[in-house]
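Chain naming follows the written order as A, B, C, D and E, and within any one chain the residues start at number 1.
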Amino acid sequence: GGKVYKLGLSLAITGPTSDAGNPYAKGVEDYFKFVNETNILGDDKIDCTIRDDQYKTDITKRNFEEYLDDGIVMYLNYSTGSTLGLKRDFEEERIAVLPASYHAGNLDDSNYIFLPVASYSEQLVALSEYVAQNHTDGKAKVAMFIHPSAFGRGPVDDAKKAVAAGLNLEIVEVVEHGKDLDNSAMLKRLMSKDVQYVLCHTVQSPVATMLKDSSRLGLTAKTYGEQGKLTFLGVHYTGGNDLIALAGDACEGYFWTCSFNLTSEKGEGTTKQLALAQLYGRDDKAANSHNYAAGIMVAQVATETIKRVKAKGKKITKETLYNELNSMNGANAYNPYTTMGPVTYSKTDRAGVDMLQIYSVQNGVFKKIGEPMQSKFMKKIK
Amino acid sequence: MGKNLLEVNNIEVVYNDIIQVLRGVSLNIPKGGIVSLLGTNGAGKTTTLRAISGLLKPENGAIKEGYIKFNGTDTTHLMGTDIVKMGAVMVPEGRRVFKHLTVNENIIVGSITRKDGSAKIREDNELMYKHFPRLSNVTNRMAGYSSGGEQQMIAIARALMAAPEMLMLDEPSLGLAPLLVKEIFDNIQKINKELDTTILVVEQNAKVALAISDYAYIMESGKIVLEGPSKELQDNPDVKEFYMGITKGGKRKSFKDVKSYKRRKRWM
Amino acid sequence: MSANSWLATGNFHTTYRQEQKTFFTSLDRSVFTLFLLILFFWPLLFPLSNKYMLVVDNILIAIVAVMGLNLVTGFAGLISIGHAAFVGIGAYTIASFCRTIGDSHIIVTHFWPVLILISGFVGAAFGALVGLPALRLKHLYLAIATLSFQMIFQWVINFMTFFNQGQTIFVGRVFWFTGKVGRNDHYLFWYYIILVIVVLLGFGVRNLLKTRYGRSLVAVRDNDRAADAMGINPGLTKVYAFALAGFFAGVAGALHAYLYRGVGFESFTLHESISYLAMAIVGGLGTLNGSFWGPVAIKFLDLQVEHLSEAAGQYLPSSMNLATALKPFSFGLVIVLFLMFEPRGIANWWRIAKSYTKLWPFRY
Amino acid sequence: MAHLTVSDVTLSFGGLKALSNVDMIIEPGLITSIIGPNGAGKTSMLNCISGFYHPTRGDIFYKDKKLTNSSPHQVSNMGIARAFQNLELFSGLSVLDNLLLARHQNLKYSFLHAIFFYGKASRIEAENRAHVETIIDFMELEPYRKSLVGNLSYGVQKKVEVARALTLAPDILLLDEPMAGMNQEEKEDIVRFVMDIQKEKEITVVLVEHDLGVVMDISDQIYVLDFGEVIGSGTPEEVAQNPKVIEAYIGED
Amino acid sequence: MSYFFQILVSGIVVGSIYALAALGLVLVYKSSRVANFAHGQIIAAGAFITYYLTVGLGIPIFFSFLVGMIITFFLAMSVERIFLRRLIGEPIISVIMVTIGLASIIDGLIFITPFGTENFSFPQFLPQTPLTFGGVSISWTQLVGVIITCLLIGAFSWFFKKSTVGISMRAVSDDQFGAMSVGISVPKVFGLAWATAGLSAAAAGCIIGNITGLNFETLQAFGIIVFPVVILGGLDSILGAVVAGIIMGLIQQFASGYLDGNFGLNGTGDVMPYIILLIILLFKPHGLFGIHEIERV
């Protein structure tokens, strides 16, 4: 018999953000099942415990303690709050962590957190760059529509830094939204301040409500950057199929950055993703979710790391896995089928996939806009 | 006087499964009559009325023995609503008007169990103000602000709106000034005559109760200890002394002279 | 009293003072002492894993908080839907120290007992402040006022940069006579600290309830107008009840901060307030021992359901959310069933059991 | 000197005048009764004295202290106790606890004493209990000592109501219809209590009662209210002769 | 100026939806003095049932609105029968806690379905072009929402004021024993109260679902948001719910229209209702229209 490697994932399967957490959990679960059934690690198996933490740091901590008691070798986490909150524990335990939160702050004062893809900050700055580049006359006036939490606020400062570093746009306002039923007031206010672009960093449902209101008020730009109208753009968790489900026609022309391949753009990766989903009987909704892809992706990275350590004939421990992750660059970069580009980690760079794809909603599906790109200003402000 | 409308046979009532309050109470109420039920505090008069009107349950009480028949039907284990529908309505102790409803709304609520059409109900509603003219001045006032006497009238009118065959009153004179007591009891008598409503009245004020009733029961510690036509009881020396405060000489005895010792009642 | 106090079976009181005693018989006292000894020694004999020790510590903290909630809601009858916010006030008192003087400043790491006490008083101060509406508001109106406080608390923490906008504020490791309390001893260490606090506060409450300070709480619950006529200032009593609850909550919050070595606002949301209420009710409102039963029961249930839903997740088609659904479902179901069939809480079972043993073998 | 002076008190609720220009003098050591039809303002008068209502106009003095705007607990602390017309008991508590509670103001020990329950607190609580037991004896409530007040019959609850007011050991006792809902025999008992209270404990009693027999027999002084106004006052004999009183209240017999 | 008016109109629209969501809470409170913390879940259930009828079973949308309301009516009624009936006469806090537990149970049940975590939206059935008057625009969805709200609220107001059953429901909340003595069946009244609350909740759920899309978290959060509304209006007043709903809607819209993003403030729309509530309660402890408890000693 082979060995069993223990991993743990704690995430919000219920509670806030569970609309993302749910498919994410499915992705992780399915991929590990697939690994075990198809003997990707030979005789060895991966045993990944998945536990709900309802988006609460306290429960996450308890789950983490239990995983430690169980002897996990790598940890998969989810929320921004808990990743930040457990940072010190990760340091003390010297355990590599792959969170679903791409918050740039996860990387500060910490050596063990590995962001799977480019940070929110990088995504938001990249979007800002896109706006600045494609804006035709003068300085683009931008508002930010932000989730009222650590998750939402993190990238705002970086965007401001980018502006200070010479990015040619003006951030007119940063709005932290609430649970509004009607965003008319806010949209009108933005219009009154001549705002032309709204950069969103929150979750889907408030964006959907805003898009609907904007379209009702006739404020949505028909084409990118239309004068006197609003063009909406957003970061990872603002988009996806759920946004289309919620906002319907109102989200036509919405711009979105994502580091994952979407099933609406057929490719080798998405075919595999759909096959995996079909193998384990997932419904269409989960199968096509980019959060499902994100879940698969962290499982892929974990599996790949274990595989490489094994290949070197070393014991699988927290330490060897950590070191292996750090050497995942250059020729050793790993290319999972789920992402836009390769995953690269090093002692100095712990954001995995650096490539971003901009998508836009056209006729009810997200379509690629241009080629995968990388943020330039993010390097400047670091 | 006709046959018995209500027949209470040897009932025993227990609260909270342990506190036995009634120990074999039997009553007979003839159709169209007025019967009064007297007794000391805690004797179980209120409990008896609750038992008859099916309202023991909310107080966590239950009838353990015996039966109650109303109009020939066994109602021992029926719920309050059904008993009201059958025509026995109680005016509870302490009036219990709906404080935040207007006087008229209080009265209208009484008709909730009736099925005989809104015209008839409206007619009865008018009739109540004929019986209790005092209320017609305050129809739209919140009942909670009415005086004690008015509240008692509201409670009686409310009960009458159910067009009951039998009306049970629990201490209607409670806290009322002498003139009002008189008015209320005159009304009770009138209702008995004009609407042909059978009446069971629980009272502490033995004088007025015996004056209007045909028959009376006296209750102590959960048992009926004395019964008879009201006329006879009025002359019973014990009743006279203990319930009406009249000395052997026939004079009212002064409260100033109450002694600290107690004479034993002969029925005990 | 009979000559041999061990054989005393009834209440033989010859003075009223004897009736005030905490333990009526020596047997009672001995059983209790034994119980305490067990509480102190079991972790040494049967060491638990970190996770379970954390759970146990958590239960003890919840007991502190629920004792407070029980005083204001159970004894004084003032429904508080903002108790977690008070707990949060305690935790954020510690966090404020960490923010201003640094999370490994000697005051934070060495003088933690003082900080815990301070947190209690800060909690009490806020309790009194939030209790002020009780001077005018009653019943649900008051309950919703406390809900408002909860919401305002969340908003303030979430938006103020001083509080790190709700993100975790770290708290350093504390020192004991033996030096720094390290990772491995952390949960055990706090177990003993919290246990001592629970025992002290428990006796405090028990004594309080025998005196006018406790009775006045019950008086305003049952009938505040009559209380007024009996010379009890109902307004002041209500404010005082909130302050008391605030104190307990503040202490619990401080303990929470130290135990988790960090303070983040998710630990003090409306949902937590509601679980504190659930604990108080399931335990038994208006009883002291209910404050112990409730947290134990609810946290234990939580754990069991987690296991159950995990087990279920393995066997059921994973395309169903059944495993995740099980948790809120069974949590709700237990609360509802409990209230439907035992609205007076576990404390009532305790009472029944006790009266049974007293009468045994003579039932009735 | 008069114990309690009510001078020119008016109390209005919106348009309704519950009391208008009422003057009353309550002499120490006597039984003063207030009678009148329902809604005449008797309870309102007691409410004004005990601080539940504050007169719209006029003043109330106790000895030299003005208590017009005091709140109920302040009045109670001055030594004026009150039994309510509609039961206002702590219905979830036992009779004993109801009485223990009433002694709140007389128990002087600090919060710290209470928490640790040492010295003063425990001694004073024991004394408190002893005091309450004498009242239970006095009012013959022994059988009900430990029963929940809410489960007692109306009459017994009324008795507890009076007992609780007595427990306060007041100078003045305000009784609002203590005999409502009692039969002759029980009324006699209560009368005996009231008279004993007055004689033995030298407590001034203010009595509101509808039973004229009782009022006429035991009062030293009677005030008759009707529609919020004093329509007659004096000794029982004087009042009984007053035609206005007969018309408004007593009726022709 | 159109800025101001747009905010005003939006405030009123949002407010009337609050009012409708709050209505169910008022209905239950009015007859049983119970604050229902599971109201948000019932709103969500109503919305999802309707969604299922339209999309899953393909019933025409107006018809499925009706059917959805009726189903929720019976659903809420059975909730009362199963869970709350035993608790008649128990302390209010126990009953409140039962509703909290109930909320959790319904959460669990909804989590079994895809509705618990995923997002959906109703098919579009109303014209998409908004109605615009002088620069102020309102969508058809909002307009229909406001009209349904007005109709339902008008109907319930009449019911409580005039019909004998309505009056008897109020009577029960005043004095249960007194109500039983005149033959009112208290359990029936409670069942009816819950049922009508369910009906209004379903209506609210559909309207909100049409505006924001169907997201369980969002829908269920209404159960809490309505509390400041009903308290401000006075727990037992339907009129109060309407007025307070609109006030809250306006506060939120004006807060987010004028405060947010201006003074370094943000998210004020979420907290202002609670602050305003506290301030108003200081002056009107029974809310704007709540009846004053008649307390005569």
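Things worth noting here:
By our rule, a contact is a pair of C-beta atoms (placed from the backbone, for glycine too) under 8 Å apart; a residue touches a chain by one contact, two chains touch by 3 or more.
These numbers were taken from a predicted model, which means no experiment stands behind them.
Contact with subunit C and subunit D alike is made by E.
Judged by contacting C-beta pairs, the busier of the interfaces C-E and A-C is C-E.
The chain with its Cα centroid farthest from the Cα centroid of subunit C is B. Averaged C-alpha coordinates give centres for subunit A and subunit B that are 76 Å from one another. Separation between the centroids of subunit B and subunit D, computed from CA atoms only, is 29 Å. Work out the mean CA point of subunit A and of subunit D, and you get 74 Å between them. Subunit B and subunit C, compared by their mean Cα positions, are separated by 50 Å. In subunit D, the residues touching two or more other chains are 52, 84-86, 88. Within subunit C, the positions touching two or more other chains are listed as 158-159, 225, 229, 321, 324-325, 327-328.
Shared interface positions of subunit B, i.e. residues touching 2 or more other chains, are given as 145.
Of all possible chain pairs, the ones that touch are A-C, A-E, B-D, B-E, C-D, C-E, D-E.
Interface residues of subunit B facing subunit E in the complex, by the touch rule stated above, are 53, 55, 58, 79-81, 83-85, 89-92, 96-101, 105-106, 108-113, 142, 144-145, 158-159, 161-162. Per the touch definition, subunit E reaches subunit B in the complex via residues 88-89, 164-165, 167-168, 170-171, 174-185, 291, 294, 296.
Here subunit D touches subunit B in the complex through residues 13, 36-39, 85-86, 151-156, 177, 180-188, 191-192, 195, 210, 212-214, 217-218, 249-251, going by the rule given at the top.
Those residues of subunit D that touch subunit E in the shared complex are 43, 47, 52, 84-86, 88. Contact residues on subunit E toward subunit D in their complex (touch as defined above): 296-297.
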